[in-house]
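For reference, the structure discussed in these notes is given below.
Should a chain be cited, it is by its letter among A, B, C and D, assigned in written order, with residues numbered from 1 in that chain.
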Amino acid sequence: MERDYSNEELMAVLISREVRNGEIAASGALSMIPAAGLLLARELHAPNVEIMILGSPAFMPFKTSRQFHFLAHRGELGLFFVSGVQIDRQGNYNLHMVGEDQDHPKVRFPGGYGGGMLYYAARRSIIFRTEHSRRAFVEKVDFISAAGTSPPDTLRYGNPCKVITPLATMHMDLQEGLLKLESYNPPATVAEVVENTGFDLGDVSSVQAAPAPTEEELGLLRDAVRRKMIETDTYPDWARSHLGNLRIA
Amino acid sequence: MERDYSNEELMAVLISREVRNGEIAASGALSMIPAAGLLLARELHAPNVEIMILGSPAFMPFKTSRQFHFLAHRGELGLFFVSGVQIDRQGNYNLHMVGEDQDHPKVRFPGGYGGGMLYYAARRSIIFRTEHSRRAFVEKVDFISAAGTSPPDTLRYGNPCKVITPLATMHMDLQEGLLKLESYNPPATVAEVVENTGFDLGDVSSVQAAPAPTEEELGLLRDAVRRKMIETDTYPDWARSHLGNLRIA
Amino acid sequence: MIQAGSVGAPYVPVLGLVGTDLLKRRDDMKICPDPFNPEVKTVVAKAYRPDFAIFHAQKADRRGNVSAGWTNDDTLLAEASRHVIVTVEEVVDELAAAEAKGSFLPSILVDTVVHAPFGAHPAGCPDYYPVDDAAMKTYARQAASDESFAAYLEETTYSVTSHEDYVARFVPAEWRGEGAGGDERDSA
Amino acid sequence: MIQAGSVGAPYVPVLGLVGTDLLKRRDDMKICPDPFNPEVKTVVAKAYRPDFAIFHAQKADRRGNVSAGWTNDDTLLAEASRHVIVTVEEVVDELAAAEAKGSFLPSILVDTVVHAPFGAHPAGCPDYYPVDDAAMKTYARQAASDESFAAYLEETTYSVTSHEDYVARFVPAEWRGEGAGGDERDSA
């Protein structure tokens, strides 16, 4: 079984299904797949989602980034997207450094406070990662840039709710504070997902395949969304090279 | 001995002498005399004073009042002007209500938090009051809208430094936390000042008369400052009716 | 405190208020040590997040963007409030941030726009009409006692059947052009 | 924290950071109970007030007002900092708040303006020139090791004798018009 859509198209579709009509949803820096997913959701089931795409003036109602920052800080942001060099079982992510000794890291990354704040402020956060590997999904991140859950006496408006990769979707079990396998994306198998994940995914015996992208989803993504991204100068090069190229003529 | 200048002209001149070159000085709502005093100081010894006149766009570098508010809150405001329905010996002022029972005041006034914040934020505040009476200058204000001094463990950038009226100038003794008579304005006498002040003015035995407004001061106030206020729409009606009308032809 | 509410801080430290009678009467403000510097104290003010903000502005577009005139701080209020209702002099097709003459409120902050020309009366609306001095004097005179104020409210508010009725009865005839009389509601 | 510095608050409560390794390494942030609601905790961040802020902008006038381009937050930095130095592409006679294309920094916030065309190079300056991709690639390549970065610094910085020298040696020839080469200093 071959897919006739790319990993990026698959992930954009899976993301679009998570978006709720009427909420305020934002994607951050270098978040092409979430941007496409948001625009797709608006074409489908969420015509009244308020979309903010950081870095694309066409999808930024505010003049200054601090107005966006404060909107989130007030708890008004419904959905945000983060990635991470490492993600662990507790939903912690690492955008700072890799290596066993924090004082002498092997590699440094830009880190950043903004995304960390948003992980606590957005009602729901979706972690997206195109690489599903034991290097990306680890038992314990080398550095906690933002924590998946917090003690109950901490002011926090939301938590990660899903992890979306080309192989699978995990969901956050907030009772246990752990990520668990929710579905897998054929032709990947549960075994393959388990094999490529560096932490225990919970009881996977009844996990089902996610519904494949529909023709409607793929059609809108490859036409309306692709065109919209190019027209509005929203990652236009990415849209040209990643959306619609596997289309069967 | 008759004055050939009005109370307003006298007070503007006395105020202008307090302004320091290079500082940021602001006057608030309905503060015509301080506005005139600031403009006069700039014509004389303080060419580089940064003047902000709230309510006059020509003298307001910021687009929003909160930028002014925050400048003051950061401790960058050098000089501000306040008035008050009542002022007491400790430099407390009252802009809220008059009457012995705070829950059933005889008269209510607008109060306001902004001016109160500025009384703690500006490096120096000058209290100005055209009425010098026992009703205005009382032993204890009926309601403390802003306090003249604060305990040493309170974050505070400045205090009242002077009180200017048609009869006299008081200064704040920060050691004792009390207002004291600094000078009087002939033809008023020390006895008259004491008579019209509802609190003890300290040892007045060596208090001297303030130097009368000079011809240069009055000339600039009545010409350059008056014209500037009219041209820039800064209390133009007040400038027309209060500056230069006693000029000897 | 509205500023704290606008930035989503549960409370903020502020200068001032120490030693005032105001502080004694407020339970949303208290003296608190600086956590980094406990020997220094300030007042901390609790965030204020109104359920609704209602204000009048110059112009809105059909998407709910609002141009709220020069130099005002309605943005702060709109940010802090959970719901925002704006009455406007004029509704246009599109209003871009760049062309908004004053503070621009993006529709994301606005819940409802009501087209209400002369909605600021008897106050003025810059670029549209000045303060109605005569009406303001009437208000000031009648507000002096509870009895006369009740009569004022009856005449100008309770007995008014619609916005058009108010405009026709109280806005000076010479101010009313073809712009008056509209009453549309648009959801942002 | 720069935002607290900009509003003159000695510290501010902020969301996030709880449970992170970042928090462990910062002594300017700590977990603190809400004074109005002690069973709820947030991080509080100490105000950050830099002695100097230095940044590049599009345009300034002779009084020291600065137009700092669209949508950026240099205003926050300028407000928080005790002294502000701005390098600009262009100095004009007068720049009003209304005509400033981007964020307007009034001269009251600015200490010194330096006329330095191409001052953002190898980064870009919107409306003047784009990012110099070739120069950026060189930087990225040479920044990979301490040795090559030392050589980069020597070539692009230590050996440069003046701003004109830098522009002549590193700014693409086709970008340089009659605007280059000026070097005036104006005090705000």
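Following the convention adopted for this analysis, a contact is a pair of C-beta atoms (placed from the backbone, for glycine too) under 8 Å apart; a residue touches a chain by one contact, two chains touch by 3 or more.
All values reported here derive from a predicted model rather than from experimental measurement.
Enquirer: From the centre of chain D, which chain's CA centre is farthest?
Expert: B
Enquirer: Determine which of the two chain pairs, B-C or B-D, is joined by the larger number of C-beta pairs in contact.
Expert: Of B-C and B-D, it is B-C that has more C-beta pairs in contact.
Enquirer: Counting in whole Å, what is the centre-to-centre distance of chain A and chain D, each centre being its mean C-alpha position?
Expert: That gives a centre separation of 31 Å.
Enquirer: If you average the Cα atoms of chain B and of chain D to get two centres, how far apart are those centres in Å?
Expert: Averaging C-alpha atoms per chain gives centres 39 Å apart.
Enquirer: Nearest whole angstrom, what separates the Cα centre of chain A from the Cα centre of chain B?
Expert: It comes to 59 Å between the two C-alpha centres.
Enquirer: Mark out which residues of chain D touch at least two other chains, giving numbers and ranges.
Expert: 3, 7-10, 13-15, 34, 40, 42
Enquirer: Going by the contact rule already set, what residues in chain B reach two or more other chains?
Expert: As it turns out, chain B has residues touching two or more other chains at 63, 73, 121, 155.
Enquirer: Touch graph of the chains shown: is it line, ring, star, complete or other?
Expert: Graph shape, chains as nodes and touching pairs as edges: none of the named types, so other.
Enquirer: Which pairs of chains touch one another in this structure?
Expert: A-C, A-D, B-C, B-D, C-D
Enquirer: Please output the residues of chain D touching chain C within their complex, sorted ascending.
Expert: Interface residues on the chain D side: 3, 7-15, 28, 30, 32, 34-37, 40, 42, 44, 46.
Enquirer: Enumerate the contact residues on chain B facing chain C in the complex.
Expert: 57, 60, 63-66, 73, 92, 96, 102, 111, 113, 116-121, 143-147, 149-151, 153-157
Enquirer: Using the touch rule from the top, collect the residues of chain A that touch chain C in their complex.
Expert: 24, 50, 52, 61-63, 67, 70-75, 121, 155
Enquirer: Chain B touches which residues of chain C in the complex?
Expert: Touching chain B from chain C are residues 3, 13-22, 25, 31, 34, 39-42, 70-73, 75-76, 103.
Enquirer: Can you list the residues on chain D that touch chain B in the complex?
Expert: For chain D paired with chain B, touching residues are 5-10, 49, 65, 79-80, 97, 104, 106-108.
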